Amino acid sequence: MLGTGILKGMVETAKNFAGSYHDPERLTTVEYPEQRIAPKENARQFPMLIHDTEDPMKGLRCVACQICEKECPPQCIYIVKSKDKRADYKGQMQFYPATFDIDISVCMSCQICVEVCPFESIKMDTEFELSNTDRFGGLLIHKEQLAKSNEHYRKIHPADAAASDAVLAAEVAKAQAKAKADAEAKAAKAAAEAKAKADAAVAGTVPAPATSTAPQPTSPPAAPAA
Amino acid sequence: MTLSFAILAGLTVGSAVAAMSLRNLVHCALGLVLTFAGLAGLYLQLNAEFVGFTQILVYVGAVAILIVFAILLTRGTEPANEPAAVSPWAGLPVAVLAFLAMAAAVLASPVGKRLAAPVPEVSVKTLGQKLMTDYVLPLEVLALLLTAAMLGAVIIAMKDKEDLQ
Amino acid sequence: MTPLSGYLLVSALLFCIGLAGALTRRNAIMVLIGIELMLNAANLNFIAFWRFSEHPETQTGLMFALFSIAIAAAEAAVGLALIITIYRHFRTANVDKVEAMKG
Amino acid sequence: MAMETLEQIKARVEAAVPGAQLTLVKNDSPSAQHSLLVSVEHAFAVAKFLRDDPQLRLDYCSNVTGVDFLDAELSEKVKVKKVVDGVEKEVEEVKKTKRAGYLEVVYHLYSMALKHGPVILRQRISGRSDPVTVTSLTPLWRSAEFQEREVFDLYGILFDGHPDLRRLLMWDGFKDYPMRKDYVEPDDYEYEPTAHDEVLEKAKAHMPKHEVKA
Amino acid sequence: MAEVFQAIDQFPVTLKTWLLGHAAGVMPEWALPLLSAALSITPILAVFPLLFALTTVIERKGLGRIQNRRGPNRVGIPLTNIRLAGFGQFIADGIKSLTKEDIVPRSADKVVHFLAPIALLIPVLLTYSVLPFGRNMVPLDLPQTGLLFFFALGASTELSVFMAGWSSRNKYSLLGAMRAIAQMVSYEIPLILSALTVVMIAGTLSLSGIVESQAEVRFGFLHSWHLFTPWGLVGFFLFLTAAAAEANRTPFDLPEAESEIIAGYFTEYSGFKFAIFFLAEYLGLFAMCGLGITLFLGGWLPPFKFLGFIPSWCWFLGKLVALILLFIWLRGTLPRLRTDQLMGFAWKFLLPMTLINLFVAGLWHLSVTSVPMTVRWIGGFALLAIPYWLLGRGFEAKVGKREYRFAN
Amino acid sequence: MTLQDLTQAMGKPTFQRKAEVIGIGREGELLEVAMGPQHPSTHGVFRMDVVLDGETIVKLKPVFGYLHRNHEKIAENTSYLASMPYTDRLDYFCSLTNNWAYALSVEKLAGLQVPERAEYIRLITAELTRLLNHTCLAGFLLQDMGALGTPLMYAFREREKILDLIESLTGARMMCNYMRFGGCRCDLPPGWVDAAKKVVAEYSKFLDEFETLLSGNEILMARTQGVGKLSAELAVSAGVTGPMLRASGVDYDLRKVDAYGIYARYPFRIPLGTHGDVYDRYMVRMLEMRESLKILEPALKDIPEGPVVDPKAKLRGFRPKPGEAYGRIEGPKGELGFYLISDGSPNPYRYRVRPPSLINLTVLEDMCLGQTVADAIVSLGSVDIVLGEVDR
C-alpha cells in the first residue's frame, strides 16, 4: 500500500522523539562544559614528559636521546641536547634536554614517540582543551608545560603507569645489582690490588695506582615499586 | 478623476512603457507584471473584484511565469549583439497616430462623460449561473480551445525534444 | 469619480504602447508581450464599459473579460511554445532573422 | 583455483603474441610476488591476451602504479633494486658498474571471474628525463583510467592511447612530477610554521609581516 | 459564565471597536478607515512573526529530539544564567541576521535582487487579510472573492522567487528558481482543486462563510467540519500535500534542496534579506495551514460543541500549531523527492485524485437528501480508495522492496 | 620539447565519450555548473564539473586533489612504522582496516607472523569498522537525499558506541594507529570483550529500527531504484570493488577470495544485488552489516589468550629485505591495497596505496549520465568516498 513505509517511518521518529526524553540509550549527548564524559583509560591526546622529583626540570626522565624526534611521523618534536650531563634515575650520568618542544598544531597524537622511547620518559596526556589564540607561539609547548609528574601519569593511565614503573624498577634493580656487582668486583679488585700491592711491596715493585672511574649516584633512584 | 485612479493609471501606463522599452527582457517581463497588477487594481476600482483577482491569478501567476520561462529558455537575458529594436522610430508614428485617433474619438464621444452607475449587485453565484446557462456554449468552446492549446503546446515542445535525440 | 473617458484613455494608451512595442521590438517574446498588453487594454475596455453601462447587472462585460483572459492565457501558452521551438530551431528569437532564414 | 606459474604464462604469451619478449622479474622477498616485464610495444597485445585468455581471464586490474629508479651504481652482490642516492662526481670516479635510471609502470592483475591472481605486469622505460611514453591499458581495463592519470601526474609518464590524460591530483598549472625520486620540493608554498629554527626561518619568508613572532 | 467566555472570545473585536469609537472624536473622518486597517494589521504583524520566531526554535528543538539531540538549549536572557530552555534563540538569531553583512554579488541585478524579498513578503502578508482568525475576526471580509484573493496572491509569490533566483546570477539560484516555479505552478492546480470541493459544498468563496458552513452540529456535539466527510478527509490530505509543496516544505523542499543546489533561489542572499526570505517562507506555510484549517478543520470552530467556551481564536491558533508540528515531524522523517518525481506526483497522482475528489464531493452534495448517511460514506470512501489503490499499484509496479541473493 | 609541453600536447582523447556526443551542437542551451569544491554534499572538497541540460546531466567530470598531501611521498621519506599513523588519515572512518591493510602488506614483505590473539583482534576491529562505516554511509546517503539529518543522527548515535569501544582499545576514536607489523600495539583492556559483545548484540536492534525508518520508505525507494545503475561488466572492468561491486551482482569479496586473517574460520554470506543501482548499494551494505554481526558474535566468544604481537617484529630499526609485496584487504569501501618495494633501507623505496574510493569514482560519470543533479548527488553518496583517501 502506498504510504505505509512513510507512516512506519513517522512512527519510528515519533518513538525516538519520545524516547529522547526518558531513554538514555537514545539521548546520548551530554552538555559539554558542564557535563563531561570521563576519559577512557587508554585515551591519548598529546605527549607529556614524565618527571620524578619535585622540581620538574631536574627530574625529567628524558635523556635527550632524540629517538622520538627522529621517529615522529610529522616531525613535531624539537630537542636540543644539553651540554652537560646529570645523573638520571638510575644514577647514570646522562644528557638532558636543554630544549624540548612539541608543536601540537602539528602533532597527530599517534603515540609513536611513546612506543619508541626507551626511557619511559614521554607519555600521552589526556588533556585536550588546549585551544589558544596564538596560533604560532601558543601551540608550541615547551618542556616546562610538557613536564608532568609521575603521579599525574598514574592517575590518568593507572595500568600503563604500573607497567612503566615496573620496567623502571626492574632497570633500577638491574642497575643497582650491577653497581653492587661492580662495587663488589671493585672491592675484590681493590682487595686483589691491595694484595698485589702488598705482594709487590714484598716484591719491591710499584704498580700504577688504580683510579676509580665509576660514577657515584648523586640522586637516589625515584622509581618506587608499583 | 480620483487620486487612486491617477496612481493606478500612472503605474499601469508607466510600467507598460517600461515593459516595452527596457533592454533586459526579464526587466520587461517584470514591468509587464506590474502592468497586470495595475490593471487588476483598476478592475477592483471598477467593482469587478472577480475579474481583478482572476487577472492576477492568470496573468501574474501563469502568463508572466510562462513569459519568464520562455525568456530563460531562449537565453533572452544575455546581452544580445543586435540592437533591441531595429529602428526605434519605425513603429512609433503608427502607434502615436492610433492613440491620437482613439483619444480624439473618446474625448469627442458623449459616452466618455458618463459617470458610473451605482454599484451593481453582482455576485459570483450569478456569474456562475450565467456561465452555466446563457454562456454555456462559449464556455464549452473556450474549454475546447484551452484543451487544444494545452495539447498543442505540449506537442510542440515534445516534438522538438524528439528531433534533438 | 472618474468618468468613463479616463479609463478609455488609459486603455487606448496601453493599447498603443503595446502596438508600438510589438512593431518596434524584434524579439519574438517582446512582440508577444506587446500583444498581451493590447489584449489587456481591450479587457480594461470591457470592464469599463460594463461598469458604466446602463445595466451592469447583466454582467456581459465581465463575461467578455473572463473569456478574453482565458483566451489570452491559451494564446500565451501556444505562442511561447512556438517561440521556444523557433529558438531551438534557429538559435534565435529575433523575428527578422527567423524570417530571413526561411528555413 | 590454482593459477599457472608465471613461467607457463610467459611461455603461452610468447607463443600467442608474435614478437613479444617477456622477462621474468624475480622477487626475493617472502611475498614471492614475481612479475613479468613486457616491452612497451607489445604491452597492449600481451595485456589483451592476459585479459581474454580463458585460462587466465584477468578481468580486474587492481593496481596501477609507477616506480622511479634513479641512476644507480650496482655493487656486486645486490641484483636490481639496490639504489644509492645522488649522482655526484666523486662517486662516479669510484669504479663501480653504473645502471641507467628507469621508470616502471606496474599493473597488478587479478581475475574476478576465476578468483585468482595476482599477475604483475611491468612496463619499463629506460631514460628518465626524455618524454617517457608507455602504452595505456585503459582501453582494456577502465580501472586504469584514473590510476594512469595519477601515474602521469606524479611521475610524468605519458600513456599512449589514454582517452583523457590530464593531471589528476596536482593542479593543472603544476610544473613538476612530485613522486620522482629526484624531485626537489619548492620553497614557495606557505609553511605551517613549526618551531624548528630552520623551518621557522623558511616560514618567516612566507608569512605576512605582522604575524611573525619574535 | 458564558458571558465571560464570550467576552474573552470577542475581546480583540471589542477592543478594536472601542478604540475606533474613541478615535472617531479625535481624528479626521478620512483617517478612520486607515486606523481601522492599522488596528487589523497590527495583531497580524505581531502574532504571526512571533509565531514564526517561536517556530524556528520549536522546529530546531523538535528536530533535535527526533534526532536524539537536545537542540538549542542555551540562549536565554543575556547576562544572566537564565536559559529559558533555549527559547531566547530566536532573538539571538534575529540579532545575528540583522547585523550580518549584506552581500550582493557583483554581477547581480542589484534592483531586482533588492526587490525580490520584499515582493515575496508583501503578498504573503496580504494573504492573511482574508483568513478568519476567530469569530468576527476577519481583517478583510471579501464575501464574493475571499478564496480567489488568497490564491491570486499565493500565485504571485512565484514571481518573487523567480526574481530572487534570476537576479542573483548564480547557477544554483537559477536552478532553484526554475524548480520553485515549476513546482509552484504544478501544485497550484491540485491546491485550488482540492479547495474547490469545499467551495462547491459551502457555496461561497468567502472564507468566513466557509467556516460558518461547518458550524452545523451533528449528533448533538460534533461540529460538521468538512474533515468529517470522505471527500473532506481525502481533500484535506491532498490539500496538505499540495500546501507543503507550495510552501517548499519537506519532502517537497526542492527549490532549496541544500544537498543538491546549496540553498536554491536564496543562495546569494545574506543577512536581513535572507531573514526576510525565511520569514516569508514560514508565513506562507502558516497562511497555507490557516487556509487548510478554514477549509477543512472548521476554522475557529471547536470540534465539539461543549468545547465552545474556549475562545475561537485559541482554536484557530491551536490547530495552526498542530499543523506546524505535523510539518516539523514530516521534516524530521522524510527524504526529498526528485524534480521529475515531484512533477509526476503532482500531475499523475494529486491531479487525478483531486479531480476524483471533486467528483465525489459533487455526488455527496447531490445525495444529501436522497441517500442514507452510511451508504454515502461507504460509497464515497470506496470511490476514493479504489483510485488511490490503483495509483499505488502503479507506483509499486515501478519501485518496491527487493529480495537479495547471497553468495557463500 | 619539455615534458610540460608534451603534457599539453598529449591528453587528446582517442575515443569519443558518450557525454561528448550528447553535448555536441547544444552548447548554448547547456548549463555548466561546478559542483564543489565547496558544496554541501560532495563529502569534502570534491568537485564535479557538470554540464546540464535543464537538470539532466550530459557531462560530468570529477575533479579532486584539493586534499592531496602526497601521502606516498611522505611515506617514502619516513620509516615503515611512521607511516602507520598516516594510513589512519586515508579513510578516516576506517582507520583500523587501513592499519590492517598496511600491516598485512609489510608482513608479506618481511615475512612476519601474526599471533592468534592479534588475528582475532584484527578481525573484530575490522568488522566493527565495517559496521560503523556502513552505518555512517547510510546516514550520509539519506542526508544527501534530503532527510535532514535524522538517519544520519541515528547512525552517529550507533557509531558513537563503536567509537567508544575503539577508543577504549586504541586510545583514539578515529585515528587509531593500532596495528603493528606482526600484531597489534596493545592488548585488549579488561572488560572490553564484554562491552563489545553488548554492542554487537544490540546492533541488530538498531538495524531493525533503521530499516523500519528507511528501507520501506517509498520516497527512498523512488529516489534510489533505477538510479546510478552500474552494470556488472563495467564494474569489473573499472575495478570497482567492495559493496558497490557486489551490488552490481559480482561475487568478489576478498574476505572469501584471499581469506586473509582468520576469515576462513567463520561462515558468513555475501549479499549480492542484481540491479546495480543506488538502492542495491544501500541494501547490500545494510545486509553486509548483519553478516558482519554474524562474524563478530562467535569471534568475540572464541578470542584466545596469548601475546598480541610477534616477538620477532622490531619496532625501531625495522628493515625488510629487498623485494616487493602487494597486500590487500577487503576494506569497508572496497579493496584497499598497499604496494611496497623495499630496498633494504628503513624507509620503503616505493609505497603505493590502492585507494578503493578513487577507483570506484572512475565510473561516476557513467553512472550519472542522463540523470538529474539530484541523482548525481545520490549516486556519489552511494559510491562512498572519503576524500582523505581519494586525494591522499
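Lettered A, B, C, D, E and F in written order, each chain numbered from 1.
Going forward, a residue touches a chain if its C-beta (ideal position, glycine included) is under 8 Å from a C-beta of that chain, and two chains touch if they have at least 3 such contacts.
Keep in mind that this is a model prediction, so the values were computed, not measured.
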- Note on the structure: Overlap of the chain B and chain F neighbour lists contains E
- Message: If you tally contacting C-beta pairs for every chain pair, which pair wins?
- Response: B-C
- Query: Which chain has its C-alpha centre farthest away from the C-alpha centre of chain B?
  - Reply: A
- From the Cα centroids, identify the chain that ends up most central relative to all protein Cα atoms. F
- Message: So the centre of each chain is just the mean of its C-alpha atoms; given that, what is the distance between chain D and chain E in Å?
- Response: 63
- Could you put a whole-Å number on the gap between the CA centroids of chain B and chain D? 70
- CA centre of chain A versus CA centre of chain F: separation in Å? 36
- Item | Distance between the centres, which are taken as Cα means, of chain C and chain A, whole angstrom | 88
- chain E: positions in contact with at least two other chains: 66-69, 174, 332-334, 395
- Task: Could you check chain F for residues that touch two or more other chains and list them?
- Result: 28-29, 150, 154, 157, 213, 216-221
- Quick one: which residues in chain C touch 2 or more of the other chains? 88
- Item | Of all residues in chain A, those that touch chain E in their complex | 1-3, 6, 9-10, 12-14, 16-17, 19-21, 26-29, 31
- Note: in the complex, chain B contacts chain E through residues 24, 26-27, 30, 33, 37, 49-50, 53-54, 56-57, 60-62, 64-65, 68-69, 72, 77, 122-125
- For chain E, which residues count as touching chain F in their complex? 63, 66-69, 171-172, 174-175, 179, 250-251, 253-254, 257-262, 331-341, 395, 398-402, 404-408
- Task: Give every residue of chain F touching chain E within the complex, in rising order.
- Result: 31-33, 39-41, 52, 55, 142-150, 152-154, 157, 213, 215-223, 225-226, 251, 253, 256, 267, 269-275, 279-280, 283-284, 287, 372-375, 377
- Task: Could you pull out which chain E residues touch chain A in their complex?
- Result: 62, 65-70, 73, 329-330, 332-334, 388-389, 391-392, 395-396
